[in-house]
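The following pair of complexes shares a single chain, chain A, combined with chain B in the former and chain C in the latter.
And then the complex of A and B:
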């Protein structure tokens, strides 16, 4: 039985892989069918997981088994029901309360986490020594490039006008030079991101081709 | 700025009532966009959701829209009595400026002329145009107290009635003017007369004028003034209710400059100015109606000293139309404009549609309550918009204003339909640059080259020399060192934060790490921040060798809770069994020796770093997809991630760091070779493409 289900799984997987790859010929019903199957199964699976790992053990069972002890769970239940009210156009305003609660908590956490988890540590990470005596010339040049790249990339997004005074024109010229340098650093960064994406997607292609080449012959033996 | 829903006037923010019409503003109502249904504040001009214009639907009132808008548009080739020229009562009524304008600009002579005309028409007896006016004008026999009379009426009473004074007597008020104006019998020097007056003199006697005016009066349709019961009782248009209520102020004098005192226009008759020629037909029309009533028995008019000579002549009933005004009123014996070869001005169809109060053509349906859409986009526009039912039932005024707008919209929408149909028919479709025939196969050629580069190593591994060489990576080495340093029995939390779409790329390095952790005797706890993560973990056979904690909802918030309180974060595991935290011996994440996140999204790695790493000293390592590696690497560079493995290449580097002497199996070698050759193919394609581009640009003459 297990072998049969495994066999069916392999063939269905291979068939769906070919259907998705048929998009190379253009948009077609086979690709659409595979796409809808993926989306549908993913959503259905996520709903089941959310129910069995969250709603049932944390909300439904406690309210059914000991409602007096777990009466506070009514609050999240009401908030969840109000969130569903957004599906109705007339009651959409009722869903603002839980949404505001979620957004408020989420944004508060994001701000705090970004400040102490990303911004300050990253700023600290750019305060590097450019003294060759600390780690050699290679490290010093690398650190220097990192500092220059960070500052110039930030200067690229500095849009304030230069002003008419002498100091303003001097500052404007200085910023213009930094902006030009920062633009090149940003372009190199985008190139690296693109190359990494290509490498990642190529890995996926190789994985699927390897599956078709190795697994399908096994089932035919 | 708040726009009045009744009249469209812009009021200051916070206004409770409209400055123009007193309409209550605000009221907490909202306007629903008739196009997309989105609710907007009532002061919005455009819809927040779709950008549709809301203000015109409520701005123009009915009365304002129905006012004739063709003021000043005259067609000189059309006789005044022509039905086409007078299609509607509203169009036939002379253009009346608003009362405030009249108050500012009416000259005294015209006020006195009106007073005289009104007095002269009193014997005709019937009240003027509307009942409202009739109610306000006292009856003939009614005597009002002297103090209740306005000044102008007291002056009139002081003057002798025309009948009493006789035709030869001149009102005292105009004695000075009469002295300055030459008598009818007096002969002015020929050179002092304007051209048109000389032509008048050359024309027949004024006795012939009366029948002509009567004919004109008979030709004027009766519906010009619905409130007038009989044609011969047509009241002078100047005697409208508004004018009667404000006798001293209102007059159709827009654009008429006031004459200064002392000017003697009658004595020194000059050719008519342009502005006076434009106003002449309007005033003449009034005089003709008056003449149609009174005929030759009309009493002499008491004129002011600054009345133009031609007006004085017309008022006396002894005038012949001047040459300039000939086309306006037909004169017996005088050829019509068509007869003399003048063509009737052709009104464009679009202008005809826009003309207020136009006559309906045969077969044209009367405006219906329910709009009808017959064909095409916005054809039969009245039904297409359906403004009223879509408006949120707010204040009554708002709905009423929109309903009023709906009645005047069809004509405009019909024009818009025609314009849109025309523009659609002649619209220029975007031109597509044809690809040269020799370049059409290039994408397929590139794809086939890439496919061959990937397939050849998979089918026949080992053909590419050095293709299985693995680059070293310091981040993978640090990851391996972190795993190697774990003591036996150390608790390691592994979070499967990727979805099946990238499992091909991440499954292999994750499996390598887990195998090493098992070899080190670590206690594995497996969780996921995505619903599909536990399934991926179970597929690796971790259900028996690790504790599957399952799915942690809440994403960033869930991780924050997990960092602060591990207890209660997981009630049941992936298979629905209760999680025995006491048996696990974990009270917080601080008890973990290592945290590993396998992620396909940079956000997930950031959440771990920000919400967990910033609160705990537990080292965090990451296994990520190659696509997000550049975004995650700064966290490794700053030390917030103690190890980083990126995709297959990172996995290979990790493997090499763990066991430098171990060799890859055949399948692993084939995959590495395929990836290396694929990268090489991509580089070759990029270089060739750039060479072709620059070669064509430098030598081909076109880009």
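And then the complex of A and C:
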């Protein structure tokens, strides 16, 4: 990019940054304008990514260049047309088939991902040694805490009620105690997540202010 | 009758495609792998078309707002102008998203807007922290202590107050916080499997009304 386009770009960025920061003084037209520009560019960019990264290389070009070899692509083409038919109210029902297809594939991926991407690795990662001989007392206590935290936090999501029998009441009381402990571990997690979020947002704010303070004077030299 | 057939067909498509894709996670078979890959390719194409449909919906909504001169219609003009400009710049150049004009818009318009909007939340998070961290119970006290240690453990001020605060922060993040997060992740994963199975078995039908 040329120096002039960089120069204009820096000033446009600075103007937009100030427009967004003006929200600190209250809701105002400048902020709203910036907000709408943000949505406009985001949607426009998403359209381009969808076309150039997926539709063009995976559907349009294969069908135009070698239609006989890629005849199976007629199926997603038809489903895509049925999906677009949802734009017309009288054809809305036709869009049910592509949505059903997307839901089926999405759910299967979610189940597979949850099982093989979350549950198994997390369970494997929780199988830790609590023997001080393996890594010292600090690590052993930490690992024990991690295991107790994982099990008790999971128990917090166990909503089944207790029975009327003695065993049921005993079981219910035990689960209640575990749930209480799990809630404390979840609170520690929330506190840590909150603190990390605050730090990341502050870093962004410092970055934007630094941009205004350092880049704009450079363009004026 | 026609509507009923359409619904049954939609449920059959969901169950059929879902089970075929899911089977590949459990069975090592070349045919099943190819079927899953084909279905995933089709799903990606459909997801892109659904995204375009969303964009068309955004345009239609804002056009209606402009036509009806509803409050804030002038902002919609700018939104459509920004959207149209980015799309036009991308389609005028065969390089598309990688074209210099689109890159310029991304670098000098989109990135600063996104970064500043997120940076703005720092102020609102600070006021939310005041409300969330008020000590009213043991739970909020635990959250307050964990939050303060993790926060101060990342800045020089924290080091000045207590030289072991960075180690305390690392310990919290490595053990109790990870334990709690793991419990949440496992709970969410179990919930996802349960909800997914209910749809795949035809018990829940969220897409058929």
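One rule holds for everything that comes next: the second predicted complex is superposed on the first by the 206 of 221 C-alpha atoms of A that agree within 3 Å, B and C clash if a C-alpha of one lies under 4 Å from a C-alpha of the other, contacts with A are read in each partner's own complex, and residues count from 1 in each chain.
Quick note on the criterion: a residue touches a chain if its C-beta (ideal position, glycine included) is under 8 Å from a C-beta of that chain, and two chains touch if they have at least 3 such contacts.
For clarity, every value in this text was computed on a predicted model and none was experimentally measured.
**Student:** Identify the partner contact of A:202: answer first if only chain B is touched, second if only chain C is, both if each is, neither if none is.
**Tutor:** both
**Student:** After lining up the shared chain so the two structures overlap, which partner does A:122 touch, if you call chain B first and chain C second: first, second, both or neither?
**Tutor:** Touch status of A:122: both partners.
**Student:** Using the superposition on chain A described above, determine whether A:88 touches chain B (first), chain C (second), both, or neither.
**Tutor:** Touch partners of A:88: none, neither chain B nor chain C.
**Student:** Contacts for A:57 in the overlay, against chain B (first) and chain C (second): which applies, first, second, both or neither?
**Tutor:** The first partner, chain B, only.
**Student:** So, A:105: does it touch chain B (first), chain C (second), both, or neither?
**Tutor:** The answer is both, since A:105 touches chain B and chain C.
**Student:** Contact-wise, after the overlay, does A:192 reach chain B, chain C, both or neither (first, second, both, neither)?
**Tutor:** A:192 sits against chain B and chain C alike.
**Student:** Tell me which touches more residues of chain A here: chain C or chain B.
**Tutor:** The partner making contact with more of chain A's residues is C.
**Student:** Figure out whether A:210 sits in contact with chain B (first) or chain C (second), or with both, or with neither.
**Tutor:** In the superposition, A:210 touches chain B alone.
**Student:** Of the two partner chains, chain B (first) and chain C (second), which one does A:76 touch, if any: first, second, both, or neither?
**Tutor:** Second partner only.
**Student:** Which chain A residues are contacted by chain C in one complex and by chain B in the other?
**Tutor:** 24, 42, 45-46, 49-50, 52-54, 58, 105-106, 109-110, 114, 116, 118, 122, 125, 189, 192-193, 196-199, 201-202, 204-205, 207-208, 211
**Student:** Could you pull out which chain A residues touch chain B in their complex?
**Tutor:** Touching chain B: residues 24, 42, 45-46, 49-50, 52-54, 57-58, 89, 105-106, 109-110, 113-114, 116-118, 121-122, 124-125, 189, 192-193, 196-211, 213-214 of chain A.
**Student:** Give every residue of chain B touching chain A within the complex, in rising order.
**Tutor:** Of all residues in chain B, those touching chain A are 37, 447, 454-455, 458-459, 499, 501-502, 504-505, 531-532, 534-535, 550-551, 553, 556-557, 560, 571-572, 574, 576, 606-607, 609-611, 613-614, 625-631, 634, 637-640, 646-649, 667, 670-671, 674-675, 678-679, 682.
**Student:** For a test of understanding, state which residues of chain A touch chain C in their complex under the given definition.
**Tutor:** 1, 5, 8-10, 12-14, 16-17, 20-21, 23-24, 32-56, 58-59, 72-73, 75-76, 79-80, 83-84, 86-87, 93, 96-112, 114-116, 118-119, 122-123, 125-126, 142-143, 145-157, 182-199, 201-202, 204-205, 207-208, 211
**Student:** Would you tell me which residues of chain C are touching chain A in their complex?
**Tutor:** Interface residues on the chain C side: 3, 6-7, 9-11, 13-22, 25, 38-56, 58, 72, 75-76, 78-87, 90-91, 96-97, 100, 102-123, 125-126, 129, 132, 138-140, 142-151, 154, 171-193, 196-197, 199-200, 206-208.
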